[in-house]
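In structure tokens below, several structures.
There are two complexes below, and they share subunit A, which is joined by subunit B in the first and by subunit C in the second.
Here is the complex of A and B:
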């Protein structure tokens, strides 16, 4: 059985908004921005001189603030820095939904992070395995090891691609279409699916280019990603728009799911929708579309 | 006012240097800690009257956790939530201690 099934229903995280850990004004308004999840950042958006205050701030919010239904992930500093262990020691006891671990290159990186997190969970008396790992793949070696990283531990519940570092590590030239990341994205989403975990895409850096963001998000939706990171609240709506199944697609998916349920009730093995045979993978894909479509409003007329 | 009701004189108190944490941005606060002859809390902000008691209580509660010599704290509040206030006070105190260690 795949892990996502074992863990119960997968949570939809189309958008993940990065919020600098040292910005209380933004953190307290996190829910207002409308993202499906937030990433409280201790890494790149925080200056060296503010690492301590960001860590404290995130810890304080996690232990004393109600984020409502938001999925909250904390991006800690990279394991090759002195901050990594201190970040984990302060943050893990507050039980964020997940820790985003930068620069995962090998399964050994996961095992090291996992051992540390498990030790902290034990020391602070919280159930082992409470805090998941979202492994960031942002090096060439990480891309090549993607499946090994994804399947290294039950604790890894998502792979996420860090486009800027990866582009630099590849010596690639950045294109607006992002095709230098096509292989890495494909590989990462495949590895994540093979391991039964989620896959998240990198940020779109140009906050003034929402057209570029929209077409890139469309592309990663088509590749199979579950969500995309945002670096500005204005990007959330664009990302959600790109995840929106079109009305006909959503209506057809609904008909497939209904037909499958009916077939199950009536004990029929073969399903036909709109005169076409439908098999299990099509039903699975339709269920996923229906789930995503439930987040959007459709005009009745267009859904028929 | 004394921060260390529970800590007796046999516990050696740690020295601090002046340090601050936070900003004067909206929803934040700027906390400054300096060594002083006597412990003290100075709280400034548009809603001083409403939050003075709460703030002093929180500041005292945090200060009691750190075995430091007398300190004076200044809190310039720009409408910070309690979680923000706590984080800023703790950061300022730890910076004050860290600075003295170096």
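Here is the complex of A and C:
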């Protein structure tokens, strides 16, 4: 059984909005932006001089603020900085849904983070394993070790690709089409699937180019990613649009799921939809589509 | 002062010294429906000398000739927005000439006119009738230091009051962006063009004496549309400038990029769609605020996609609304007040762009005002309460800082009235147990839309059903209030309301819906 199934619910996280940890005005409106999840950032968007105050602010929001059911992840500073341990000590006791750990290159990185988080959980009396790890792959060595990282610990519940650092580490030239990341994306999504965890894509940096964002998101949806990070609220709608199954596709998926349920009820082994036989992988894929489609409005054109 | 508790539980006076008697508010349409016959105060007849020259360069001379005396009523329009220099110019001249105790009855007062406060303090203005009061003037009145009677009316209510004679205008000083030497006035041409002169038309019709003030005197005939005809204009005063053209002709408002406002707009649009009201023949009014304008972007896209052609757009008209009309999404726009300069050109060239007066727009006591034909209106608010009452006049500090405008007129008239506002502002929850001041009664508000969900008036069970059917983010008003107050803490303005009455607020039918009370330390 895959881990995501064993964990019970698998949250849909098409979009993850980065919010700088020192922006109370944005944090208080987190649910308004419409993202499926938010990433409170202590790393790249926070100046050195504001690291301590941002950490305090994120801590205070996590302990007192009602995020209205949002999936909340905190991106801490990378393990090779002095902030890493301080970040974890302050943040883990507030039980965010996950910690995003930057620059994971080897399974050892995960084991180190895991040990530290487990210790903090124990010290603060929260059940061990409460706080998941989202491992950021943003180096060449990380890409090559992707599966080992994904499967290093039960605590790792997602792989996520950090495009900008990775491109630099590869000595690659950035293209608008994202060719330079094609291999890394494919490898990471494969590793995540093999380990039964989620895969998230990197940000689209140009907030004024929503066409570019849309086509890149389409691409990563087709590759199999679960979601994409956003650096501006205006990107969320575009990302969601790219994840939207088209109406016919969604309707067919619904028919497949219904037929499968009917077959199960009636004890039939063979499922047929629209005159064609359907097997288990197709049903699984249809179930996933139906789940995503449930997030969208499909107009039945009864408004006229 | 004798007072009475009105139908929404507000204590209101039965008479205001120096103004007259009032009745307490009963219900949105009670008084209107039982209103059998009208006795309109007819404008006093006057005959101009044939061949007389109406034009003068002397404002002082024109004032003398008008027969204005202490204690009389003067009126102005606010179509020049914050660029207006006519109100300060005339008030200064009147002060210089030694007038006292005038009733100042403009259609509204632009934000920039703090000077009105000074003319109250010096005794020139002895009574104030207006739609809006802000800034220094608001603080002067709310602090109780003004010491004059103040009556706040909606745009429809003012038209009613003028027609029935409650406001009896002795001299109307009307800024005229273009005026020919016979007295024909147009608002849509000239260096100080402002578009519609809707509010001024009503004043010109009923005032005993009309003085046009213009910086663009032309030979007759005037080109294009005549807003006010020559037979209503007694004198023309030529001045160098009506004001600051940059502030008169404000550019088209930009669509907001504030994610919270955009979410409000999206929620409002989705509610409109769910209600089924966006159909061929649809009529619509929107405010000038950020969220309101953004609603029209969603609406435009949807109407285009579905091939829906609406009937008319109404009200304060923005550049965006006029563009929708030009694109054929609405057959006409009825314009009582143009919000931005983008509209002015359309007004002079486009036959589908109709200039209407304030009575046509919103007066409930005539044989049919356009707000009663509205399908949907999007309105702003300062705050609201759990009974859906809306306050657009008084800030959290208790000072007057808003305008009644067409708020209660459109809310009562439209089939679907939506109040759009953020759930908290400046750290204060926008939903109160009881608003400090009621401008628009909750009974006439169908829904309140915030960035955190849609609050539907329990009186509208049908709307609640269609919203839930279409999976809209509907939330109970008490629940949202509790959630927001977890962030902001509870602040209820009514806890501290006990000051003397400093202004009365009329409902559109002339009854008193509420009072503004004195706040110390302003």
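Some notes on this structure:
In this text, the second predicted complex is superposed on the first by the 300 of 304 C-alpha atoms of A that agree within 3 Å, B and C clash if a C-alpha of one lies under 4 Å from a C-alpha of the other, contacts with A are read in each partner's own complex, and residues count from 1 in each chain.
In this text, a contact is a pair of C-beta atoms (placed from the backbone, for glycine too) under 8 Å apart; a residue touches a chain by one contact, two chains touch by 3 or more.
These numbers come from a predicted model, not from an experiment.
Contact with subunit B, but none with subunit C, is seen for A:52 once the two complexes are overlaid on the shared chain. Contact with neither subunit B nor subunit C is seen for A:212 once the two complexes are overlaid on the shared chain. By the document's definition of touching, both partners, subunit B and subunit C, reach A:65.
Look at A:233: by the touch rule set out above, it reaches subunit C but stays clear of subunit B.
Shared-chain residue A:224: touches no atom of subunit B or subunit C.
Shared-chain residue A:32: touches subunit C; no touch with subunit B. By the touch criterion defined above, A:24 reaches subunit B but does not reach subunit C. In the superposition on chain A, subunit A positions 28, 65 are in contact with subunit B in one complex as well as with subunit C in the other.
On the side of subunit B, the complex with subunit A involves touching residues 21-22, 25-28, 80-84, 86-88, 90-91, 94-95. The touching residues of subunit A, counted against subunit B in their complex, run 24-25, 28, 52-53, 56-57, 59-61, 63-65. Of all residues in subunit A, those touching subunit C in their complex are 28-29, 31-34, 65-66, 68, 233-234, 297, 303-304.
Across the interface of their complex, subunit A is touched by residues 257, 259-260, 263, 273, 276, 278-279, 306, 308, 451-452, 470-471, 483, 486-487 of subunit C.
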